[in-house]
Amino acid sequence: MGDVKFSFQLLDKGNPVFSAFIMWASVLTIKFLLMSTLTAIHRYRSKTAASPEDMAMMRVTELTTNEEVDRVKRAHLNDMENILPFLSVGLFYVLTDPSAMVAIWLFRVTTVARFVHTFVYAIYVVPQPARAICFFTHFGITFYMAFMSILYFI
Amino acid sequence: MGDVKFSFQLLDKGNPVFSAFIMWASVLTIKFLLMSTLTAIHRYRSKTAASPEDMAMMRVTELTTNEEVDRVKRAHLNDMENILPFLSVGLFYVLTDPSAMVAIWLFRVTTVARFVHTFVYAIYVVPQPARAICFFTHFGITFYMAFMSILYFI
Amino acid sequence: MGDVKFSFQLLDKGNPVFSAFIMWASVLTIKFLLMSTLTAIHRYRSKTAASPEDMAMMRVTELTTNEEVDRVKRAHLNDMENILPFLSVGLFYVLTDPSAMVAIWLFRVTTVARFVHTFVYAIYVVPQPARAICFFTHFGITFYMAFMSILYFI
């Protein structure tokens, strides 16, 4: 993209960094949305109502808690703390006109890291530091993208 | 918009899909922000402090919990899980150059769905499946927009 | 920027409002990400595991709660409710072509407000209304930006 003059010209389907970002960010969003579905599945299986008015639908007579539901909710909260800022900061990073190879690999690695994070946290529990490694991979990449955006736009 | 050549040209006030997205996304953000105010109102009414240093201001001597406060917090958290990803994914969807009529109706329906969700969850409790229908309406639309973004930018 | 014709032309490094937004939004994102690190520090110090599989790594044999960990988590949640919508709405506001002086000062003030919010909430507890003032400063600015975006794009 040697003849780029304006930042907004990077926001184009013809820019492989931009297209890769939108694609992986959308994949991560779908993964994020599915956490609600996973929570619902565990709530139904364990008959754990979220709110008093759900008890009739679930045919239970009291509000209980369930370790599996709580585990999925922790994984969901962790996704919120990490995937949601990435959806914005990844776009800022695209606007710094990074190396295509570096940027696209960062998007791929960070997406895989969040999928594995959820797997080892909420699907098939794997001992630490499995979850910590996944967390810090995505965390480090998001941090790097925010830092590069500051350097470029300061 | 027959002569569009670059994706960024869709990010314009003259594009009715883009303008509609920014407007409805801003309406949803204001609705989201007001959840903090609603929580504060319930905290004051029920004298439920959020943190020990709030007890003096509220003239209470112990931390308590309150069902109404917890209910608003659940609705707020559900907004976070659903409205926040929409703020990013709706923009990605605008960049796929969708049919204006389809896109604008999706933005309207999804906004109404989140308002009704909060109403039946935290203002005037309506039995299920009222809340579930609102949830899945917005959920389905966000999921569809993410999916269409992947297809377009892959 | 007297000769601006298209909204997307505002999304440029040469637009001081856009550059300031990306920079301060990235600073706020890094501040947000560091809340995870602060939580981890408090968890290690107080030996408060987040999940059963973390107990071995922390050399504890039961799950406990800790007031300092809970306090940082409340501050982190408040950041999610406020910083994350700002990352989107600030960008919408940039697209309304606001006065550069007003916009850049709003970005600065809102960033400082969130840093002070975390300081008085989770680092060195200051009595109310310190935290409430910080909260409403950022809240009011985000609300204003969403409102101006609606007026401009309606």
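The first chain written gets the first letter, and so on, giving A, B and C; residue counts start at 1 in each chain.
FYI, a contact is a pair of C-beta atoms (placed from the backbone, for glycine too) under 8 Å apart; a residue touches a chain by one contact, two chains touch by 3 or more.
Every value quoted in this text rests on a predicted model; they were computed, and no experiment measured them.
What angle, rounded to the nearest 5°, describes the rotation that places the Cα atoms of subunit A on subunit B?
Result for this pair is 120 degrees.
For copies subunit A and subunit C, work out whether under half or over half of the interface numbers are shared, and give different or same accordingly.
Different; most numbers are used by only one of subunit A and subunit C.
Compute the distance, rounded to whole Å, between the mean C-alpha positions of subunit A and subunit C.
Here the centre of subunit C sits 18 Å away from the centre of subunit A.
Show the residues in subunit A shared as contacts by 2 or more other chains, in ascending order.
Within subunit A, residues 8, 11, 80, 84, 88 contact more than one other chain.
Touching residues of subunit B toward subunit C in the complex: what are they?
8-9, 11-14, 18-20, 22-23, 25-27, 29-30, 32-33, 35-36, 50-51, 53-54, 56-57, 76, 80, 84, 87-88, 91
Which subunit B residues qualify as touching subunit A in the complex?
6-8, 11, 71, 74, 80-82, 84-85, 88-89, 92, 95, 121, 125-129, 131, 135, 139, 142-143, 146-147, 149-150, 152-154
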